[in-house]
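Two complexes are shown next, each including chain A; its partner changes from chain B in the first to chain C in the second.
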Partner chain A sequence: MDVFFYIAGVVAIVSTIMAISGRNAIHSLLYLILSLLAISVIFYLLSAPFIAALEVIIYAGAIMVLFIFVTMMLNIGLERETEKKWLKPRMWIIPSILAAVLLVNLIFALKSVQTIPSDKEAILPKQVGISLFSTYLLGVEIAAILLMAGVIGAYHLGSQKKKVKHRFLEIK
Partner chain B sequence: MLTVPVETQILFAGIIFFLGLIGLLVRRNMIFMLMSIEIMFNSAGLVFIIAGTHWKQPDGQVMFIFILAVTAVEVSIALALILQVYHHFKTLDSDAVNNLKDQN
Partner chain C sequence: MKYVFIIAGVLLIALTIAAGLIWVERRLLSVWQDRLGPNRVGPFGLGQVVADTIKLFFKEDWVPPFSDRPVFVLAPGILMVTILLTFAVVPFGPNFYVYDSNIGILFFLGNSSLGVYSIVLGGWASNNKYSLIGAMRASAQMLTYEVFMGLSLMGVVMMADSFSFCKIVEAQKGGWFFIPQFIGFIVFFIAGIAETHRLPFDIPEAEGELIAGYHSEYSGMKFGMFFVGEYLGVTLISALIATLFFGGWLGPSFLPPVFWFLFKTFFFICVFILLRASLPRPRYDQLMELGWKVLLPLALLNLLVTGAILIFLK
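== the complex of A and B ==
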């Protein structure tokens, strides 16, 4: 089982690197979908099959389709030349060093912490559902309100102001 | 079952998180910045799942479902904002949107 974890991990890391360093937005989004699929394999290996399915359906399915839809709508291919100008190789140095310092910090923190080994059993979706709708019921309702606010906000932001074409109804 | 130590799993999630952080710091195209934020959200959810599996509690998966809802809302709002910015400025450069800056 362990070898699957490492394979999926390497695939996820490499495809994430390709996603953040690519110039073509569609190619980067496809790499990001590959990364999400690899992470969903890891969820499955971590004995969370329900979450693995949700990752594929919602992340790689719905959210990424939204991204690709907007990218196609904006026709980003035309921006590739300017993006080449924005992305100079030396711009990668300082942020990469800073993030690498944080990562080394995390590695040392993980080495110094003692954790208890545990024998793993799968957490069934039934347990998740019971917990979701008993302990976290208030959270579910707040999430519902948040989704409602998101729908209204996206509708408001996405609506374009229509110009009235009729000659008598021209609004200045 | 999986016998990878939990430190290695969290390290993997950390690597993914920092890749997203680097992308957010370096890129100036707003679509790519949003993608990097997605990567970071996802790695945070991965840590929740790892912890939930390690302690054999369903709470980690519940938290991942909440992260999923928050992410969906965030992405839809941010993409609508990006569309509006593109219609106003005809570019996705995040540096173009600096009209609040004092420009005298």
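== the complex of A and C ==
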């Protein structure tokens, strides 16, 4: 089981690096989707099949489609010379130092902290549902309110009156 | 060893049905349109499938120089992979399935949402305005119809108390879910047509206005993958309708369970073809309106009522 975990982990890391360093927007998005799929495999190996499935359905299958949709609409997929100027090698220095500090931290944490055993019994969707609607009910309700705000905002933005008047374009 | 046989069997059945559908669809369409259809190659024109396949294999496999080559080549494969993967969780018979996953329905939904990429990327990589418009329509249509495709199945999940396809079939021994979940069935069926972008919902490829939409630039076996992928999708949705709402392999015991499953699947494939023969294509905004204003509320209502009745009966 551990071998699969490391394979998925390496795929996730490599594809994420490709996603942030690529210059072609659509190719970067494809690597990001691959990275999400690898993370979903890791969730599955950690005996959380429900979360793994939701990761694929919601992140890889719905949100990323919207990203690609917008990228296609704006037609920014092609490589541009200007983007090379935006990403100078000098800009990597501070993030690299910060990331190295985090890496050292992580290595020490892995040595000392107890990790979750990977051969636990699988947590089924039913258990997730029960704990969502009892222990974590407040979180679910807050998320619902947030989504409601999003829906109202989208309705407000989309509810402009039609300006084109033509007998063929009028509905009914 | 047993696994190898089952996987080979499932692949063989799925691919044979999908390839055979090329002939079945053309013959059935011609029956309903009062003409003969392909009847020259072999008995009843059955050799047409082989002839078509050979033709596709030997066509020039052209990748347009203006396309995004890696994505262009990758796109048709995604469709085949996602659909064939889903067949792994569909039970063909009591002991005839590749893997009885306890998240079976979610596995199907995940794969169908990944299948969208095939069309979107295929259309984008072609670098052609008709293909791009087709890809945009496809992404909007499939994203919309996925939402309540999942919601319409939740009633079935609640009644069977499981996401596993095998348990759902076994839960239907007392009666097929098609009667208590009639609204769920209708919504799933319409969403299934939209997901496989078959006529009447073939707006992404609409040959009258977009030439062929997302696969205008494809030729040879790459086009063949889109072509067979569409038939595989039809087979998959029909198999799922049979499994989820019509008792899967359950049936009178004088014939083997696999036969009942294939019979029901084939019946729904014929319904798909009949719909193609009889209904006109709606306009794009009509499709979206039907989705968000009619089908989504219906699916939610079905979910609410099913939940309320199940709690009441407990």
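Here, the second predicted complex is superposed on the first by the 140 of 172 C-alpha atoms of A that agree within 3 Å, B and C clash if a C-alpha of one lies under 4 Å from a C-alpha of the other, contacts with A are read in each partner's own complex, and residues count from 1 in each chain.
One rule holds for everything that comes next: a residue touches a chain if its C-beta (ideal position, glycine included) is under 8 Å from a C-beta of that chain, and two chains touch if they have at least 3 such contacts.
Since this is a predicted model, take the numbers as computed values, not measurements.
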Simultaneous placement of chain C and chain B on chain A, clash or fit:
fit
When the two structures are overlaid on chain A, which partner does A:Leu137 contact: first (chain B), second (chain C), both, or neither?
neither
Considering only the touch criterion stated at the top, classify A:Ile152 as touching first (chain B), second (chain C), both, or neither.
neither
So in the superposed three-chain picture, is A:Phe50 touching just chain B, just chain C, both, or none of them (first/second/both/neither)?
both
Which partner does A:Ser96 contact after superposing on A: first (chain B), second (chain C), both, neither?
first
With both complexes overlaid on chain A, does A:Ile17 touch chain B (first), chain C (second), both or neither?
first
For A:Leu66, using the defined touch cut-off, is the partner it touches chain B, chain C, both, or neither? Pick first, second, both or neither.
both
Could you look at A:Ile33 and tell me whether it touches chain B, chain C, both or neither (first, second, both, neither)?
second
Residues of chain A touched by chain B versus by chain C: which partner has the larger set?
B
If we overlay the two complexes on their shared chain A, which of chain B and chain C does A:Gly9 touch? Say first, second, both or neither.
first
Touching partner for A:Val104 - first (chain B), second (chain C), both, neither:
neither
Could you grab the smallest C-alpha gap between chain B and chain C in the overlay, to the nearest Å?
14
Shared chain A contacts, counted only where both chain B and chain C touch the same residue:
50, 54, 62, 66, 73
Tell me, which parts of chain C touch chain A in their complex?
68, 70-71, 101-103, 106-107, 109-110, 113-114, 116-117, 120-121, 124, 132, 135-136, 139-140, 143, 146, 150, 161, 163, 285
Name, in rising order, each residue of chain A that touches chain B in their complex.
1-2, 5-6, 9, 12-13, 16-17, 19-21, 25, 28-29, 32, 35-36, 39, 42-43, 45-48, 50-51, 54, 58-59, 62-63, 66-67, 70-71, 73-74, 76, 79, 82-83, 86-87, 91-92, 95-96, 98-100, 102-103, 106-107, 110-111, 113, 115, 117-121, 123, 127-128, 130-132, 135-136, 139, 143, 146-147, 149-151, 153-154, 157-158, 160
Quick one: which bits of chain B touch chain A in the complex? Just the residue numbers, please.
1-7, 9-12, 14-16, 18-23, 25-29, 31-32, 34-36, 38-39, 42, 46, 49-50, 52-62, 64-66, 68-77, 79-84, 86-87, 91-93
Under the definition above, what is the set of chain A residues touching chain C in their complex?
26-27, 30, 33, 49-50, 52-54, 56-57, 60-62, 65-66, 68-69, 72-73, 77, 122, 124-126, 171
